[in-house]
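Two complexes come next, and they have one chain in common, subunit A, joined by subunit B in the first and subunit C in the second.
Let's look at the complex of A and B:
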């Protein structure tokens, strides 16, 4: 199982304290409850970005996560509003459905590599948006609105999660939900990377033919990884739809897909927690620059370009020059 | 039917030009230029400023679009892409840079030109009408002819000029080209600038018909990616074929499928996926680019 050094355990403990105790206390002290929503968004985007990072791990540039986030959001929304299902049941179903679609689409397109794969996943995002506009079940451009808040989850009469609509601050509840989901996602990611599967992925990242020649079933692994990645995307999208209580074809667009990829690049592709940091920095960077009004985009993009010039290998390459799987 | 074919030729010619620039940049530097659509919009706005606002002749507007984008492309390559390619441990890092550039151009366009749809006065009036079987405004025909001429001269340039030969050598094998005495840094810069210039030229040509607005950049990039995938990345003939095929598919789709709603692109994408499953490198591409 996990073999962590004392420093890593401490870091982990500090991290847990920060997100489960520190942040709610800070917000309670300052009274800025809007931060709950911001941090929840960061957490959800980090979950989806974790999926993108995983496809990077087998050497594929995935710019299609927006498509699966949109799919997850729609599946959950349709199950909750049309079939009257509990949100907590629809959440894993949304992830599984996204993974299922990823297998179907992945079988042909995962044969592509490099920029070909990047381009087709980008097109995929656009196509999912168009599909959502065209299909009757997604209600076209009007989208699905007034999705009820997540209801009660109880097992054998013991309430595990209370009904969100009865809470005085549903945003806080969403924050904790997201934090738990994010921790689970990254724990899973860490586990995958440090497992036999992770070794196989690294071998594929370096040379697929070579990996295949020594007996790695590359077509199985890449579909599996793509499905896991899309599962994360679907989960992230489903919770997002539930918080916003609405889903539109424009909820996740090409720009979002590109942002998921940027999060991974910015955080650094060699580090499991890179996408989380990248998401936090990008999202808060964008929010902080809001004060600048119409120059927001200009400064934001200039900073991105500048950052790329100074740190072409991601933010985490600053502090941890020796660790991580910096390949190539 | 004649109408659909004519529309196909018209769309195909303009698409091929967009794809040419993208594929040129990709072939030379292995950079997927996300900002290509934005460069196209920028070209449109330059022509709009010179021809529509300041009242210079249309041709001078086009020339200004080309010159501006050429210089811009050269500067971008020299000061942004070249250093990042040199220092990054992964080639893909340039994608972040390209995406950042796309955002940057969007911001600049928003600040300088605003988000309104802009149009220019028609360059030629009148409509070509052949017995109501084929109706085409004269300016569309003119733009189509100009686009085909530009493509032809670009191919000739690549085939017979010294610069073109150097660029093709660079695309085939960077190291070998360097060993043969090609100044790799300089020709990468020229190639990037040429690719940007082509985007600007199409933008300048099309501003007379479709006008130009801020939001056109992203979708244009996506279409260009599709064309490059159909034809094969980094191959000039592939880009032209990709453009023509997408143009015709769109023309037919709009004619026959419009009554079923907005499913043309959905079908194009599904067929693209099936096609790529059979032939992952596209029509003309080398395997794995």
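Let's look at the complex of A and C:
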């Protein structure tokens, strides 16, 4: 199924070793367990960014991922606290519900292109925040708090995942959960891009009229992609809520949505693993500039503008040969 | 000869402007029919309505007796009526081969999920797409530029690429949008031969919209002439050449104002 070169296999092996063995060992050696939390955040943001990247792949600028992350977080939180459902079941349901809502919203708005679609999605995050403030089930501004940690997951009496609250270090458990989810997300993304669906997306990105003339049901593909994108957003948001053990209307804001998009730009729109790298660099970049105090935002945004000017195809264009996908 | 495509009283109005008024004609199986007319005669509008890229205001288009107007373009393509575009409408950052492969969407047997999981049907499809693409590219004489990126191709090749993309869908009726526009004499003659070859060897019915008169006279079995949205003539090239109303439309009638 996978046709990878020797270098790609090596890269993949190094990557797996790094996230599943290297990072935990390094943290154990240095005792900086707070890094687990930081890296978990990066992983979750990278999952949501993968969705944004996918909507870029059909030529739509999506600045609304925060809305679906918020939705996923609330769905999981409500299912766990009010219905007493296991977190592990609420997680896919949160993703699916986000996808379902994305279909309803996507049907009308995906007809728009370019800046118009971007503007609508930008508003979406704010709309979802306000909705969360107004609805009784989301408990308004007080949000949903004291969400229990994920419980045990067992099939036929065999424990697959232990109860997080019995663990000595739940942060480490969240880290591994996120790492697995992130790997699954990017594996799925890679398969989508390199299978027929990805080819159809590329054809739509380059010319929707021509794509429909060869028999591609473009409205169906657009909605499908937007739903998959939002599924990733919902999953990322749901795990976030579980780690923080709380969800507020302000858990995901417009700024988060913009960051998801920036992660994709920074990593490179032509590369599947672009958003992952982009998220890592952007997250740590922001933290590194913390020392600058009030100049943090100024330097940060100037650097971003500079990077986009110098590397319009993203950071990965520095070392990888361009592998199609992105229209110059 | 039976009518494959029937255009029945098709009218298109944009606000107060009538772009096409009550157009009716038949397209027969395996013929090359050209729709000609001066600029603004409503050729492109008619063309878009036949391929369902525009809805009709009234009237309908039938394919084998089944209505194909006012549907979605991909539905019409699925039935075997496929249009091409002028040269700027291509998949810019795909190679010729990639474009022809992606355009075989309608020939796919596996589902999108099948491709995702890499089922056997999907693998067979991928192999068959590749072989079909190579055959088609050779048939069109484009083997040398098979791996060129579309955005690097010169104009003449882009037109051929457009036809290749259309043919990759394995159409029954191919609608060509001004295939000779902007071409010099030699390129036009090459394209005329290519279109004839497509019709003869792949048994495709061709309907084209064009205003290059010499090429149209050479290529067409029959011609339909539009002027100011009205259909003014229909017939073989020689009939059209001697039709007074056509000559009038193209050369202008005796000018009443100066009293000639």
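In this text, the second predicted complex is superposed on the first by the 323 of 328 C-alpha atoms of A that agree within 3 Å, B and C clash if a C-alpha of one lies under 4 Å from a C-alpha of the other, contacts with A are read in each partner's own complex, and residues count from 1 in each chain.
The rule is simple: a contact is a pair of C-beta atoms (placed from the backbone, for glycine too) under 8 Å apart; a residue touches a chain by one contact, two chains touch by 3 or more.
The shown structure was predicted, so the numbers you read here are calculated from the model rather than taken from an experiment.
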{"item": "Fit or clash - subunit C, subunit B, common subunit A", "value": "fit"}
{"item": "First (subunit B), second (subunit C), both or neither touched by A:23", "value": "neither"}
{"item": "First (subunit B), second (subunit C), both or neither touched by A:255", "value": "first"}
{"item": "First, second, both or neither for A:312, with subunit B first and subunit C second", "value": "first"}
{"item": "Partner chain in contact with A:35 - subunit B first, subunit C second, else both or neither", "value": "neither"}
{"item": "Contacts of A:12 with subunit B and subunit C, given as first, second, both or neither", "value": "neither"}
{"item": "Touching partner for A:191 - first (subunit B), second (subunit C), both, neither", "value": "second"}
{"item": "Which superposed partner A:294 touches (first subunit B, second subunit C, both, neither)", "value": "first"}
{"item": "More subunit A residues in contact [subunit B versus subunit C]", "value": "B"}
{"item": "Minimum C-alpha separation between subunit B and subunit C after superposing on chain A, in Å", "value": "11"}
{"item": "Footprint overlap on subunit A, where subunit B in one structure and subunit C in the other make contact", "value": "326, 328"}
{"item": "Complex contact set, residues of subunit B against subunit A", "value": "26, 30, 32, 34, 80, 83-84, 87-90, 92-93, 95-97, 99-101, 103-104, 106-108, 110-111, 218-219, 222, 225-226, 228-229, 233, 261-263, 265-266, 269, 272-274, 276-277, 280-282, 288-289"}
{"item": "Interface residues, subunit C side, partner subunit A - complex", "value": "51, 53, 72-74, 77-78, 82-85, 89-94, 98, 101-103, 105-106, 108, 110, 112, 115-116, 118, 122, 125, 151, 165-166, 168-169"}
{"item": "In the complex, subunit A residues that touch subunit B", "value": "61, 105, 107-109, 111-116, 118-120, 122-124, 126-127, 130-131, 133-134, 254-255, 258, 261-262, 265-266, 269, 294-295, 297-298, 300-302, 304-305, 308-309, 312-313, 326, 328"}
{"item": "List of subunit A residues in touch with subunit C within their complex", "value": "1, 191-192, 195-197, 199-200, 202-203, 206-207, 209-210, 212-219, 224, 324-328"}
